[in-house]
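Look at the two complexes coming up: chain A is in both, with chain B in one and chain C in the other.
Presenting the complex of A and B:
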C-alpha cells in the first residue's frame, strides 16, 4: 500500500519534471513528436528504474557499511547511471535503429539527465526500503514519460496554432511547460507526503 | 594508509571493474555489424561535422553515400581529393559527378540585340533597376546589364563586354554560385565545365512577343527539338531547354537555331577522327546518327568531316578505342596530313 502511494505520488504529485523541475533538457529537447517522446520516456524509465535499484543496492551494501556514503555517493551513482545508459544505448541500437536515430544525441545525454541522479540521491536521502525505491523509481520514470508525452502532444497540436512571432519556438514551449506545471500543482494534497 | 582511502579505492575500483566487464560483455552480445565501407568513408571525410553537405555531420553523409542517397563527391569541403578517396572505397569513378562546375549566362540579348522600353537613371545596380517597375529592358527576362554579377564575383571571372553582357571566364570561375544568387532575373546556372551547349534565353513569351524586344531570343520554333539527334532538347513554357544528361555537345541545335539563341563554342566543335587501330568492325557506323562514317567492313573507316557533328557516340562505341575526338581546327590538320 505504501509503495503504491509512493508510485502515484511520484507520478502525479511530485512529478519529477513538473513539480521538481528535474530533467527539463530532454523534456524540451525531445518533445517534438509524440512517438519519439514516448520512446524517450520509456528509455528514461528503464534507466531510472534500474539505476534506482542499483543505487539502492550500492548505497546500502557498499557505501553505508564502509561509511563512505557522504563523499562517494555522487561518483558511485554517476558510474551506475553512465553504465546503464551505455547498456540501453547498445540495446536500442541493436533492436531499433530507427528509434536510435530519432533519439539521437539525447540518448547518451540520459547520463546527464539530472532527474536520474536526483532520483538516486532522493532514494538515499529519504532512506526508502528496497520495494519502496523500486516503486519510487518506476513512478518517477512513468511521471517523466507522462509529462514528456503530454508535452509532445501539445506541441504537435501547436503547429496548427497561430502563435505570435516573438513567442514562436522555445518561448511558447516554456510557457506551456509553466502552465502544465501549474496544472500539476492541483495534485498536491492528493496524497499526504 | 588511511582506512577511508582504502575503502574508497576498493569500492570504486571494484564497481568500476564490475561495470567495465559488464559493458564489455554487453557490447559483444549486442554488437552490430556495420558496413566496413562506412568506417572507411568516415575516415576519409574531413571530420569537421560542418553540415555543409546537408546531412547531420560526417557520419550522416557517410551513411548516405553507402546507401546511395548521396554522391561520392557529396562533401563540399573535402573537394576533389576526398571525392576520389571515397569513389575508390565505393568502387566507382568520381568522373562526371566530380566535374568542376562553372557559371553560364542564359541571355544573349545585349545592347545591340535587345531593345529598351525606357531610360533608367538611378543606382547602377541590376537589383535596384529590377525594383523600379521591372527595369528598363524591353524583355522582362533578359539581362539588365548593370554588371552586378561582375561586382559580386569574388574571383574576377565575370567581365562586362562592349555589348553590355557579362562574360564568364570559365578558367577563373570556381562555381561558387554568388552570381546565381545575386542576379535578380536568375540568368545564371551552374553546369559542368564540359557542357558546351546552352540556351541563351529565358523568355517564356510567345515567339512574336520575343521578336518585338530581342533579335536573339528563343521564339519557340522547336527546330532544335526536331534537329537534336539525341532527344536532348526539351521544351517548356515556350522555351527550349537543354537536358544536360542527354546532350553530347554535337551542336546541331546551335547550327539550326534561326535566331542564335542557343550558343556554344561552335568554331571549336569536335570532330571524330579514326586512327590506324581501326579493325573495320562497323560498330561506329551503326551508332552514327548522321551517317558520317564511311568504309567497308574489315577495312579502315573514314569520317566524313563535313557530315560529322562531333557527338562522340562512335568514340564511346568503338571497341578498339580507335576514334579520337579532336577540336575542328586540329581535325583539319589531321585530315590533310
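Presenting the complex of A and C:
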C-alpha cells in the first residue's frame, strides 16, 4: 500500500520534471515529436528503475557498512549510472536489435540526465526500503514519460499556431511547461504526504 | 585578445542559461530567492573553473575512449569539495539547495565545457573560458532569482523592498513561476538580440 502511494505520488504529485525540476534538458530537447519523446521516456524509465535498484544496493551494502557515504557517494553513484547505461546499451544491442534501433541514440544521453542521479540520491536521503525504492524509481520514470509525451503532443499542435516571433522555440516551450506545472499542482491534495 | 574573447562570450553572446539553454535544472529549481541563486551560481562557478583547468592540464594523459568517465570523476571530486565546504560554513544555504548541490555533477554546462573546450585548448584559455561561462551562469541565476523574489515575496535578499500595498504573487516562487519567468526572459533576450544584430 505504501509502495502504491509512493508510485502515484511520484507520477502525479511530485512529478520529477514539473515539480522537482529534474530532467529538464531532455524535456526541452527531445520533445518535438510524440514518437521520439515516448521512446525517450521508456528508455529513461528503464534505466531509472535499474539504477534506482543498483544505487540502493550500493548505498546499503557497500557505502554505509564502510562509512564512506559522506564523501564517496557522488563519485560512486555517477560511475554506477554511467556503466549501467553502457551495459544496458550493449545488452539491448545483442538481444533486441529492433529496440536498439528505437532507443539507440537516446541511451548515451541518459547518463547526464540529472533525474537519474537525483533519483539515486533521493532514495539514499529518504532511506526507502527495497520495495519502496523500486516503486519510487518506476513512478519517477513513468512521471517523466507522461510529462515529456504530453509536452511533445502540445508542441506538435503548436506548429500550426501563430506564435510571436521572439517567443518561438525554447521560450514558448518554457511557458507551456509553466502552465502544465500549474495544472499538475492541482494533484497536490491527492495524497497526504 | 583571444583570451578576452574566450572570457567575454560566456557573459552574453553564448550565455549558458539564456542563449544556449544548457544546465537548466538548477536554474529553475533554486531561483526562488536571490540568495539561493547567488550561492548556486558561485558553487557552479567554482566547480566549473577547477574542473576545466584540471581537465585541460591532463588532457594528453587521458585515453580518448574513456574520457567521459574521467571527466565525470574529476567533476564529482570538486562537487564533493564544494558540497562539504558549503555544509561546513553555510549550513543554512546548504540545506535549502539540498539535492541540487550534488546534481552539479551532471550539470551539462560543466561536462559540455570540458568536452567542447578544455579538452582541446591550453590551460589559460580553458581557465578564462570557464570563468566567463561560470560568471554568465551566476549572473543569469542572480537576475532570475531577483525577479522571482521581488514578484513572489516583495523582497530582495530577504529585505522587503516593496511596500505594504503590494500583494506578492505567490505563484512566482512556486515551480510554474520558474518556467514562465524564464520563458519570458528568453523571449525578451531574443527580441533584443535580433534588434542589435
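Just so we're on the same page, the second predicted complex is superposed on the first by the 173 of 193 C-alpha atoms of A that agree within 3 Å, B and C clash if a C-alpha of one lies under 4 Å from a C-alpha of the other, contacts with A are read in each partner's own complex, and residues count from 1 in each chain.
One rule holds for everything that comes next: contacts are C-beta pairs under 8 Å (C-beta built on N, C-alpha and C of every residue); 3 or more make two chains touch, one makes a residue touch a chain.
Bear in mind the structure is a predicted one, so any value in this text is a computation, not a measurement.
Once the two complexes are laid over each other on the shared chain, residue contacts for A:58 go to chain B alone; chain C is not touched.
Of the two partner chains placed around the shared chain by superposition, neither chain B nor chain C is touched by A:4. Once the two complexes are laid over each other on the shared chain, residue contacts for A:79 go to chain B and to chain C alike. Look at A:22: by the touch rule set out above, it reaches chain C but stays clear of chain B.
Within the superposed three-chain model, A:158 lies out of touch with both chain B and chain C [touch as defined at top].
Within the superposed three-chain model, A:93 lies in touch with chain B and out of touch with chain C [touch as defined at top]. Within the superposed three-chain model, A:190 lies out of touch with both chain B and chain C [touch as defined at top]. Of the two partners chain B and chain C, more chain A residues are in touch with C.
Residues 71, 75, 79 of chain A contact both chain B in one complex and chain C in the other.
On chain C, the positions that touch chain A within their shared complex are 21-22, 24-26, 28-29, 68-69, 72-73, 76-77, 79-80, 83-84, 99, 102-103, 105-108, 111, 171, 174-180, 182-184, 186-188, 190-191, 194. Against chain C, in their complex, chain A makes its touches with residues 18-25, 28, 71, 73-75, 78-79, 82, 111-114, 116-118, 121-122, 125, 164-167, 170-175, 177-179, 181-182, 185. For chain B in complex with chain A, the residues that touch the partner chain are 4, 7-8, 11-12, 15-16, 19, 22-23, 26-27, 30, 32. Interface residues of chain A, counted against chain B in their complex, comprise 58, 62-63, 66-68, 71-72, 75-76, 79-80, 83, 86-87, 90-91, 93-94.
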